[in-house]
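The structure's right below; bear with me while I get my questions together.
Here the chain labels run A, B, C, D and E in written order, and each chain numbers its own residues starting at 1.
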């Protein structure tokens, strides 16, 4: 792919590809760890999409709240303990926000048109965004991880951040936990049924409302966890919600809407193409996600895996 | 078992049921007959809590159930087979059944194997997507699914629609057997013949009101009913 | 032309509103004239989107791109070429429709959210071009100070120009919606499979709809340039598209005039609440939630219900009569 | 008029239609019967283009139509109704039928004439024929199940087809409506010269209306012939009729 | 001086502020607002032409269309005498074009596009902060003495990042023709995960890396630099990296050894004027001022001085007074250049380092590049504008 206009930057580039297998392997690992983080965030989005059939635009805001909460916990507690505690407290806090929103507002709207719910989550995004600003202010925030996870070690002669290794471990853990949850609670099955006919699921004696609430809260939990996990690597700012949300939607789309494993595949596609992409065509980084989606959807119009939508 | 007393049901602003009352005793099969658009389905839905009546009362086993959520009614022992099937298109046949599974209050209750005995055709297509089934297969599945909830009261809305004659007979046999096992059935039917064969009593509904009621014999003997509604 | 598709009472109402709008500018403060004009432009964008969303049932998630393409086209024609102004004005919508054809051609292969997401991706590629082609588009800074013919340079004259164009567009859109094409489109929204079975080429129909809608979005883009003399990539960013989508839902997406109302509400809220507090998005969010809870059919849908009760009563009474008799 | 020759359709490794044959002559009323899951609906889907056949040939008026998209086949004069109600739930009853009429008159892409005034007579006359004229302004989704089935047929009639394919047209209709509907269909067949292909489980309807009956079983054509012929056939009795 | 003789004016001077008070840039906008308020407190004690300066502010949400509406609202409805603001170059350029027609002065205080007072400059727009051309020149001056030949440029993929890159590279290439650009990477603004870029850059083994980035991305890149230990492997140059708003939240975790520029540092120059300003600011807001606060502070003083000099609220006279006006500022005298309405400011090039005095890293080994040296000449500007 060559976008002609890029050359007009006025630079003469003498770009040398000096990548050996070790660089590639290192880049693959970096990409994988990025995928894991994306997976944790998008799995929650996908769960909500699949069960409630709501494109939850506020998911990014919940993720942002997770990051800010992690900041507060880390600074109040401090040190390594602060970091580990933030990984527990932040998801729970976000889940609580989700629970309140669900029980007070959301649960009255399930009968509505799905697009009305989209409108609702948009409103929620606006509200949460400003609430974060009211609570935490506009300054850039930053937290540090436990010293165990700081710095990097050398792999194949290149530095690989320890924290990324940690993410590589967290991703599969979350995946397994989710798998247990989905298979134990039959939630996957109920969600596929509810996708077709919510009312009829109730007629069969299933309290759809609580199933939805649970799914929504778990979705929030994952958003919060994602936020807490990303907190140490970036500056925590307002606007984190906007940055993540479109990418998250694109990921769940190419994976297959509402399919949790689709979210995993989508995240892998994004993470890995991104990390190799910036190696080979770094100037075009901005369009990678979009191009990836276009290619996947043109080849597989309903995403990689079976979807509920 | 079930007492419906003067219910008025609306869809939005349009008034559909005008004081429908009916009773179903424990172990009875009662049918609800009437033309298209008479209000049979609406009555069923009102009982199931899908279109809660604005006025009037419904009692199930002596307990008022107006305004209760459908899932609570299902847990109390009412199952509903909708006339338009409402199969979960994305679930396989087996999953459609499993999702509806509830523990029986008494005895062993229904399970997949047992419903497959009634509808052997379903067993062969256990893993097929609900949305792919033929019309008749979907109807069987809808009935089987309702049974999986181990109901005490079964609301059957046009169970024989789209079923081949052989199956209609088989189904009738099964319903009879279920009744013997203590199941109570409220049946809405267009297939008058089949309904008359099955039921103990019948109600005839027209324009949202109960027009006639009585035992099957009484209905059959009534000249006007025969002409206007039964056409047999 | 309108016989049978609009009743006399509505016609009077609309006429009255139009006349009021015509005499307003000299008597209201300039700023309100500006806000009204901005509402007109945004309303046209939302209306064109609603052709796809409310009538066509398509998840047209990135409509803003076509608005932006229309705007950029005139902007570039007026700043980089010496062609007459009207050529730019015509080229805007045509280029937008051409881009709509291209993107739509891919999108109609997909359904619902997939359609929407593919459109977001394709649209974002176009956004990326506007965002990155610094030498042509001015990058994220955009192009400002686009020269307008002196006839359109004052606020009042652009107000009238935009109002007239808007009215013409609305009439055309109304005719389209009420035409067999529009009716078939609604049928497709409800049940595309059945539509195929009655002999409608669903994809082609949807594609034509997208092209028409993007054409009007292009006009809205041109009008934006007439009003603001500026273009910038925000016009093509997904946030703006989402806002336009929300306007449709908010105003009532199954009604014709709903999006206009939605646009008016969004623009006024953000302007007038923005004057008093920087937390206007918070207020906007709360207002939206209240509307969702209390006006589920959208604002316009609610008013239509309000205006109709007499008809409903008649129906109700007659049905009761039927039963009694 | 319509020839189905050795048509196959499989879903995965399941053969839903297996070398099925069917002949429909001009002006005939042909019924397809068979147990549930025999493949009747699938066969109809193959004829009207909702599905593409794996093998075999379907010709309509000497023209090969196998594998064409549904709207194309419809334009050639084949209209159908669906077994499981398939209407436009948010449109009014009138509009439901009008959409079909407009499409038939090739006016679907007309952008600037008010649809309100187009095809009104045709639509109304169809609705009158099927006795839905008192529900003209009702939203289709709010009709009762039986009325929706009637609307199903009305939509199909809107296409002014030469061949009308009806999938269990009277299922869910009250006895009275059933006979009214079948009477109407018969009348249409004679007055408009329609050819009709339908499937039904109501044997009374089938044997009193059909001029030719095709029996399907497990995707195969068992027999096609006159009603008496079919009734006498041993195989058919075993597989389907029961008693 | 002149103000004492001027006639008394009954109404206050109204300043409209448009800036982004939501989203990541809010941190800069708020800092600027504080600086402006501090200055107004000082100014209003004495008064301007016997009246006061008041302000109203509007949030742009970092969106050009909203910024434009808000600016129009301030001008048409609030009838402000002049506009100041914003952190966003796009908004600044759009508003600048609007005020040209309305003949209302607009003073840009944070946005760094050199087109504001360069190619797109006009009579009614002013700029009191550095711009990309100035940063580029300063950076080139800092880099030209270094022995590096093979460079890699990376940054935020938007106008600002690219303008910086252009500025630095063109100046560097001009003064040192043998430098080579071996690659560049551009990420989307706010990109949270920068490790893959760093790994890719390290794999290419450049002599030095220039990151052209700002705001929240800056924090991200500094963090990634730290975790990957990049600054120990390759020299890094980041324009505006020594900005306090960026380094402060990182605390002691900020990376050391990163070269960067800034046009204001609260700890340098260590002059009494700067100390007084910093102390006053700290007392009022609990934080030392960042560069936005400084810009806003001098903006207010420019406004006050210009009105005093003009002797009336007449806008044309105000503009005439602004041109060539020199005021005392925390960093010494600052002139508003008459030809392009750009404030002449020095640039400070330094290297980040931990010092015991602060619990965050600061710039050390600072070289001051005086204002005139970093700025394009008036001739160059006029040539730009004629294009």
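The rule is short, and it goes like this: a residue touches a chain if its C-beta (ideal position, glycine included) is under 8 Å from a C-beta of that chain, and two chains touch if they have at least 3 such contacts.
Here the structure is a predicted model, which means the values were calculated and not measured.
Colleague: Farthest from chain D in C-alpha centre terms, which chain would that be?
Modeller: E
Colleague: Write down the pair of chains with the top C-beta contact pair count.
Modeller: Top-ranked chain pair by contacting C-beta pairs: A-E.
Colleague: Tell me which chain's centre, taken as the mean of its C-alpha atoms, is farthest from chain C.
Modeller: B
Colleague: With chain centres taken as the means of their Cα atoms, state the distance from chain A to chain C in Å.
Modeller: 32
Colleague: So the centre of each chain is just the mean of its C-alpha atoms; given that, what is the distance between chain B and chain C in Å?
Modeller: Measuring from centre to centre gives 48 Å for this pair.
Colleague: In angstrom, rounded to a whole number, how far apart do the mean CA points of chain C and chain D lie?
Modeller: It comes to 41 Å between the two C-alpha centres.
Colleague: How big is the gap, in whole Å, between where the Cα atoms of chain A centre and where those of chain E centre?
Modeller: Computed from C-alpha means, the inter-chain centre distance equals 34 Å.
Colleague: Which residues of chain A are in contact with two or more other chains?
Modeller: Residue numbers touching two or more other chains: 9, 129-130, 133, 242, 286.
Colleague: Which positions in chain B are in touch with at least two other chains?
Modeller: Residue numbers touching two or more other chains: 14.
Colleague: For chain E, what residues touch not just one other chain but two or more?
Modeller: Touching at least two other chains: 21-22, 157, 162.
Colleague: Enumerate the contact residues on chain A facing chain B in the complex.
Modeller: Chain A residues touching chain B: 186, 189-190, 192-193, 195-197, 199-208, 308.
Colleague: Residue numbers of chain C touching chain A in their complex, please.
Modeller: Against chain A, chain C makes touches at 53, 106, 109-114, 117-118, 120-122, 124-125, 128-129, 131-136, 238-239, 242, 245-246, 249-250, 253, 279, 281-282, 284-286, 288-289, 292-293, 296.
Colleague: Inside the complex, what are the residues of chain E that reach chain A?
Modeller: 21-24, 26-27, 29-30, 153-154, 157, 162, 165-166, 169-170, 180-188, 190-193, 195-197, 199-200, 202-205, 216, 218-220, 223-224, 227-230, 233, 245-246, 249-251, 253
Colleague: What residues of chain E sit close enough to touch chain C in their complex?
Modeller: Per the stated touch rule, the residues are 21-22, 57-59, 61, 63-66, 68-70, 72-73, 76-77, 89-90, 93-94, 96-98, 100, 113, 115, 120, 157-159, 162.
Colleague: Spell out the residues on chain A that touch chain E in their complex, using ranges where they run on.
Modeller: Those residues of chain A that touch chain E are 9-16, 18-19, 23, 26-27, 30-31, 33-34, 37, 129-130, 133, 138-142, 144, 150-152, 158-164, 230, 233-235, 237-240, 242-244, 274-275, 278-279, 282-283, 285-286.
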